[in-house]
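Heads up, the next two complexes both have chain A, just with different partners, chain B and then chain C.
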Partner chain A sequence: MTVAFSTGRGKPPGPASGRPDGKLPALRRLISNRSNFLLRYSPLLILALAWEAASRLQLASSLALPPLTDVARAWIELIQSGDLVGNGLSSLYRAGAGLALAILVGGALGVFMAVSRPANAMLGPLVELFYPMPKSALIPVTVLWLGFGDGSKILLIFLGCMLPVTIGAYNGARGSDQHLLWSARSMGARGLRVMWDVVVPSALPELLNGVRTALALAFILLVSSELVVARQGFGYLIGYLGANGSYEAMFAVVLTVAFIGFLADRVYQAVVERALRWRE
Partner chain B sequence: MDNPAQIIIENVSHHYRPAVGREVLALESVSLQVREREFLALVGPSGCGKSTLLYLIGGFLPIDTGKIMVDGKPAAGPGPDRGIVFQNFALFPWKTVRKNVLYGLERQALPRAEREARAQAFIDLVGLTGFEESYPSHLSGGMKQRAAIARTLAFDPRMLLMDEPFGALDAQTRSLMQSELLAIWEKTRKTVIFVTHDVHEAVYLAERVAVMTARPGRIKAIIDTSFDKDDPEVHRSKIFVDKVDEVWTLVRDEAVKALEKQRP
Partner chain C sequence: MARVTDAMRRRFAWGAARLAPVVTLLAAWEIFARSGAVTPFMLPAPSAVTERICEDALGGDLFVNIGATLYRALMGFAIAAVGGVVLGAVMARNALARWFFDPIISVGFPMPKIAFLPVIILWLGLYDVSKITMVVLDAIFPVVTATVAGIASVEKELLWSARNMGAKDRELLWQILLPAALPQILTGLQVALPIALIVVVVTEMQMGGYGLGGAMMQASRFANSRGVFAGIVEIAIIGYALVAAMAWLRRRLLAWHQEGREG
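So, the complex of A and B:
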């Protein structure tokens, strides 16, 4: 049982670890490479089995926890009816647009604050003030301004996701190496050119870190705002199905959102790794 | 030899005012003239302000006391007429060696093919052939230093400010790079200000060696070292050995003072 919880990365504890045995580490590496993926996500499989068993054996009410196989069936139906795809696309559009705006505006703002003292003096306190604020509090406000449609969700995600990017960009840009700035200028670069060639790449590692936080926030804000007020989207679908007692289908949507969030994070990390391959 | 002065430094002092910690007087009334096409070496104990002086000439630091004229104009702001090789290389870590070397060339109105050819020629010159697509983080200290030299030479500045450019190189590579630098200097006749800790190197490369005092840096003496150096055995000639001795004594006195000053 213990092996199931090993991630396949760390060494197993005990006297065997670190033994200067030529064969054992090689063997272990082979096993861990081959089954790394399986081993890593085996806790998930166990959780799924436990879920199925718990509801089949009536350990939990099948209303509170419908069997996973029923959830899977409901998922297929949702796909066939087009409900999941339609609502999903509308959600992804909102998240994508809000996030893209947050990255562009947030990144530019952070870099601007780092290079301009007046901008920093003006905007710094505002950023500090708004950063810790729970952004879901803005849901009714954005609805009041922009109504029930896409606009209010995009605005909410934009506002909620901007500050982590701003702060990342600001910290990264402020750490730009003086000699690199001088270097670029001594080779004839000026103004915006220096910003783009030196300040932005210097800011990139921290900026991209901020974007990862923003990515997670975007999903949270998306679903919560759609749960509260929307006529489309994942959150709306979850709320609607829940209110109508279609719990299998509701769970199917919840799991879909969780999976998309996970996938987005993995893809994002792969992209970052590639963009920052000059480091090490 | 009697070219007009290209870089005129008059009574320049420089204070560093760090955000935390105390103010440091790095340079005090430095006056120095560098002629067009001259090769001048700058030596002095660590911390005496050699880098600072180069930064002032390069236009990177504001000049608060005294004045610096370059080509008859105040040295306000950096420009591609003065190429600098920084002591810490200052390569762009996110650019490959090739892209680093191309950077200065891209600011010039040259056809693309010519830029690429020039970049490659200088990468070859410093012995980095085969490392064009490497990132600086994957190079050794000496390789980074050579990449930085290639980058500055490639865009062909009229004046070269070099801050211990061979400091990270082994003896053989260093001697090869010295010959290359001399060849380039003789061919293109740039004005060179060359900071080094190596007195041999200074006497061998330069026409004049300026010795600086311990901090706050002033010019202590200027030694003429423009004798004939074509002889491959010049290192053993009496005049060479005497000049090295002369510069060495001056530098050592200052180094001792610098150490004494640091003691509590």
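So, the complex of A and C:
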């Protein structure tokens, strides 16, 4: 992907032109990048046009596939009425809280299992047992325990996202270089100090990979649980609009959720790339 | 008669040691549930849950539900596996296909496709077709990306020498590219399988009907917590068995590969 962006750049700014404008090459680079961007993502544009055409030309019933422009209009209305923002914020709060808990507890658990043999012997089989469990099965229980509100969703996301983080942290921390550990100890570092300065940084790449899996899972579990039982949130809004037959608005919310999930992943990757730059 | 060797004894002890935490957890659950600290509604004892599973099994409902869930999950998974490998192989070998599908795959992969569930219900109704479609939609992405990456990383020397010896495109695909990409393709499938299970359970919960997810939702509506916990245990066992089966299949298929010999 990066290849597409690095080729076809404008001329590098050089003194040869004799003009004091660093602006022009930058502008040219921007345009050239943008045309690469367009070329790369044009299939999505083609799909969008095909969608619009299919419903405008009555190839598909406008009920089953409302024209994309109508969906866009419905999206603007949803924003103006505040429905999308309100439900969206409550969804993002649930996903964020559940994921944060999962990263904290799951990460600590994984590192703990990697450094302590008894902990590994105790917890390893349990992690192995629960890891392949389809976490969506927990939706009814979390509702049973905590009701229809935020609590049950946060608990579900926490439980569902914890183990990928644990396994990432465990694999990462277990792979940390013994020589580093020995030299840290020989230089007088002890206990938590070693943990924080040596084990956690060397576990970081795999830990962050586990978090990426957890991030995707968080969105899946969030939307699933809100679709099945909720009185608020994206999933609830989708179900409510669908049941009322406002399909344009339903499509608008579905696309919004899908886009936010995509965006979260991209932002996360960009942040991770930055955070791991010290490794190069 | 087989003699009990040291190795067997050691393996048995190892297995028992790994089972101990699970048994401890079950015992703690039983004691906690019976202690009166929580109502049986909040947390039924494992013995009560087991009883319920046995009742379902004797009544035959359990097998109908397991059959329905497994059929949808595995059908969707199989379609995603075949479709994903085909699409991935085409993308890896054909620039036009890569241009068209690459942005769709890279944008679609991180999306929570489960949000499209109401749209799929609108289009395809409430029955197996829409549940299986949903599974395919979610499970196909990891297979495609793994296949593309796997084929792209096949060593050029292998391709050159095969070409030199006169391999045709079809032979190249079946005898060089796919076998060499197999480890990565299997990793993609191992990612896709749990996704398929998560999705099938959600679709069943949302749409009702036969299936373990539907049965759980029904139990939950009638505030039957034993039924809900029985569902969790059943789904967990099925998930564990399928994931273990997939890992076994990987070892079998990669017996010729370096990876297989290391283990």
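Quick note on the criterion: the second predicted complex is superposed on the first by the 245 of 280 C-alpha atoms of A that agree within 3 Å, B and C clash if a C-alpha of one lies under 4 Å from a C-alpha of the other, contacts with A are read in each partner's own complex, and residues count from 1 in each chain.
Note that a residue touches a chain if its C-beta (ideal position, glycine included) is under 8 Å from a C-beta of that chain, and two chains touch if they have at least 3 such contacts.
Given the structure is predicted, the values throughout are model-derived calculations rather than measurements.
Asker: Please indicate which partner A:P132 is in contact with in the superposed arrangement: first for chain B, second for chain C, both, or neither.
Answerer: second
Asker: Just chain B (first), just chain C (second), both, or neither: which does A:R174 touch?
Answerer: So A:R174 meets neither chain B nor chain C here.
Asker: Considering only the touch criterion stated at the top, classify A:V198 as touching first (chain B), second (chain C), both, or neither.
Answerer: first
Asker: State whether A:A64 touches chain B only (first), chain C only (second), both chains, or neither.
Answerer: Touch partner of A:A64: chain C, not chain B.
Asker: Contact-wise, after the overlay, does A:R40 reach chain B, chain C, both or neither (first, second, both, neither)?
Answerer: It touches chain C, and chain B stays clear.
Asker: Is A:G239 in contact with chain B, with chain C, with both, or with neither (first, second, both, neither)?
Answerer: Touch status of A:G239: second partner only.
Asker: Count the residues of chain A touched by chain B and by chain C, then name the partner with the higher count.
Answerer: Between chain B and chain C, the winner on chain A residue contacts is C.
Asker: For A:R73, select first, second, both or neither according to whether it touches chain B, chain C, the two together, or no partner.
Answerer: Touch partners of A:R73: none, neither chain B nor chain C.
Asker: Which residues form the common part of the chain A surface touched by chain B and by chain C?
Answerer: none
Asker: Can you name the residues of chain C that touch chain A in the complex?
Answerer: Checking each residue of chain C against chain A gives 17-22, 25, 41-42, 99-104, 106-107, 110-119, 121-123, 194, 197-202, 205-206, 212-213, 216-217, 219-220, 225, 228-229, 231-232, 235-236, 239-240, 242-244.
Asker: Provide the residue numbers of chain A that touch chain B in the complex, in ascending order.
Answerer: 177, 179-180, 182-189, 197-198, 201, 204, 277-280
Asker: Could you please specify the touching residues of chain B with respect to chain A in the complex?
Answerer: Where chain B meets chain A, its residues are 55, 58, 60, 77-80, 82-84, 86, 88, 90-95, 103-104, 107-108, 135-138, 151, 155.
Asker: Which of the residues in chain A come into contact with chain C in the complex?
Answerer: Touch residues, chain A against chain C: 1, 40-44, 46-47, 64, 121-126, 129-141, 143-145, 216, 219-220, 222-224, 227-228, 234-235, 238-239, 242, 247, 250-251, 253-254, 257-259, 261-262, 264-266.
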